[in-house]
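Each chain gets a letter, A, B, C, D, E and F, in the order it is written, and its residues are counted from 1.
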């Protein structure tokens, strides 16, 4: 049985490929900007993942939350740190963010379990 | 077969528990505020459920809509009253709210059927 | 010196007139629906003003907040009741609603003072 | 096996019927306005489908996107034109729109395949 | 006395210059994409101005509305056409869009008067 | 002559005081949560200011942006770092964020000038 997070990964990958089957330059350039946006710069890539996560939570986009949760775990944040970033987003965005916090908690559990397995 | 509304209830309960498996105080306090928010006060609890419903519809959050529909039915509103509250939300929030009205109509049907069964 | 709320009233009236200088039927019909929406029905007009207020706060629209605050005061709500409705909206919409709560507090003070003067 | 787009069509139809099982006039009139909104007028119906699509994308509503994609394909837009309209929406609405672009790309593929089949 | 629309133009120009006094490449590239987005392509520039306008109205951004109103008038749309595009945006976005429609009506009046003067 | 940022500070202070002239406990507790939210915890206070800034930009709230810009400058971020955080918010939130970036650039200039003066 596939975990919802793995389904998300597969669906996201296939979806991005289909979305880029276009001759629209604006979309291609936007995707390319999006890739560059989260690398090291004046801020390190790690901090920027957290910014992406907070922005995604207050804008209430589960796919975006999952994407940045994955980045945040990979970047080395622990659960307490990610939970605190999400707490700030909850306060800023209000109780309407709670369903996304529920979603994130499930994704986060998967990501930390996967992380642990891989580091064995 | 489980009705989508019952799935929502189960998923919401499990999700809230997982979201609260955290040492983040901000999140815990926010959840506790959220619980207190809908009790009797200067306004009665019944009216406040309807406020929560209208806010949830214009912010287009199905989980929040379901939660407040359940509260509104329990508080004693009839279908005409809830439909009218949702009509106001539709006007304020625009046609983009229509998919959530469709969702709400299905939930509401379940809730009134359940209500009737329980009162037999 | 004119109070900001009186400026809002004048600007709103002039703006609506200009917006309706159009041969677009959709807009005219929408405005007419908007007028009908807050009358007595399955819910009384008073309750519906409060729904309009809560929706306006979580959508963060000062003009809409002012309009429904005026309606809520006229409908007979006292400060505690309106404050409580706005508290629910703050919780649902998050800290991003605070600037609009500040705006509303100023409008509300004006409206209750005006109300008192008129009832002398 | 039913394609997700066909499920959307069936669910939308049933949902609209249930949403209109109401004695709330505001909702009925709103639905009727919505039907009139996309016909020929000062702008032709074709252009208005594209406006509905752009608005739906920046407001991030998949059901609304699907509805207007269907209308846009029926109205005769080709893939490059629709992709360009969606590119503008992506730029205006930001990377948070990307998950909806992925959804739209899948729907669009279905709609053009269906279109081709029907024109055989 | 300067018309509010002229103040907007001056403030926008100065603001963009200050916003671009940065060594942040992401922001510079985003601004450059934004400039390219509204040129002729699979859709003509004229249609794309209207898409930008509809998106700006439902997202309720006065500066963005003013910018695309200017573009739409320059591109040759008449008042009935622009009013109809805004009517669609009003329906999609709801009564919360009305304050922005009021703003747009004032801007539009200025832009058509200016247009007429220049064509004398 | 007062700089717009100083006006914001004065208006914010007076507005918060008026908003708290209420017997509504929910609002008082929410404000108190908001104060606690940005202190040191699993993440340091500095990082959390940046999260608040990114969230405020994508939600397009100038007052909130100003508040977190002030916090970010006080916490020791330099212009390049803040510009980069705002660049991420621009990409996530789209061109609709640009007017807020213009606003932020003006506020930021004031804050760094003030900072320099104070450190003389």
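Just so it is clear, a contact is a pair of C-beta atoms (placed from the backbone, for glycine too) under 8 Å apart; a residue touches a chain by one contact, two chains touch by 3 or more.
Keep in mind the model is a prediction, meaning the values are calculated, not measured.
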Remark   = If you tally C-beta contacts across B-D and across A-F, the winner is A-F
Ask   = Between D-F, C-F or E-F, which shows the same interface as A-C, counting it as a repeat when over half of the contact pairs match?
value = D-F
Message = Nearest whole angstrom, what separates the Cα centre of subunit A from the Cα centre of subunit B?
response = 27
Inquiry  = Nearest whole angstrom, what separates the Cα centre of subunit B from the Cα centre of subunit F?
reply    = 32
Ask   = In whole angstrom, what separates the CA-based centres of subunit B and subunit E?
value = 38
Ask   = Of all residues in subunit D, which are in touch with two or more distinct other chains?
value = 23-24, 26, 30, 33-34, 37, 41-42, 55-56, 58-59, 64, 80, 83-84, 87-88, 90-93, 95-96
Key: Residues on subunit F engaged by subunit C in the complex (per definition of touch)   = 11-12, 15-16, 18-19, 21-24, 26-27, 30-31, 34, 37, 55-56, 59, 61, 63-64
Key: Partner subunit A, residues of subunit E touching it in the complex   = 23-26, 29-30, 33, 36-37, 41-42
Key: For the subunit A and subunit F complex, residues of the former touching the latter   = 33-34, 37-38, 41-43, 47-48, 50-52, 54-59, 64, 78, 80-81, 83-85, 87-89, 91-93
Interface residues, subunit D side, partner subunit F - complex = 58, 90-97
Request  = Using the touch definition up top, name the residues of subunit E that touch subunit C in the complex.
outcome  = 60, 79-80, 83-84, 86-88, 90-91, 95-96, 98-99, 101-106, 109
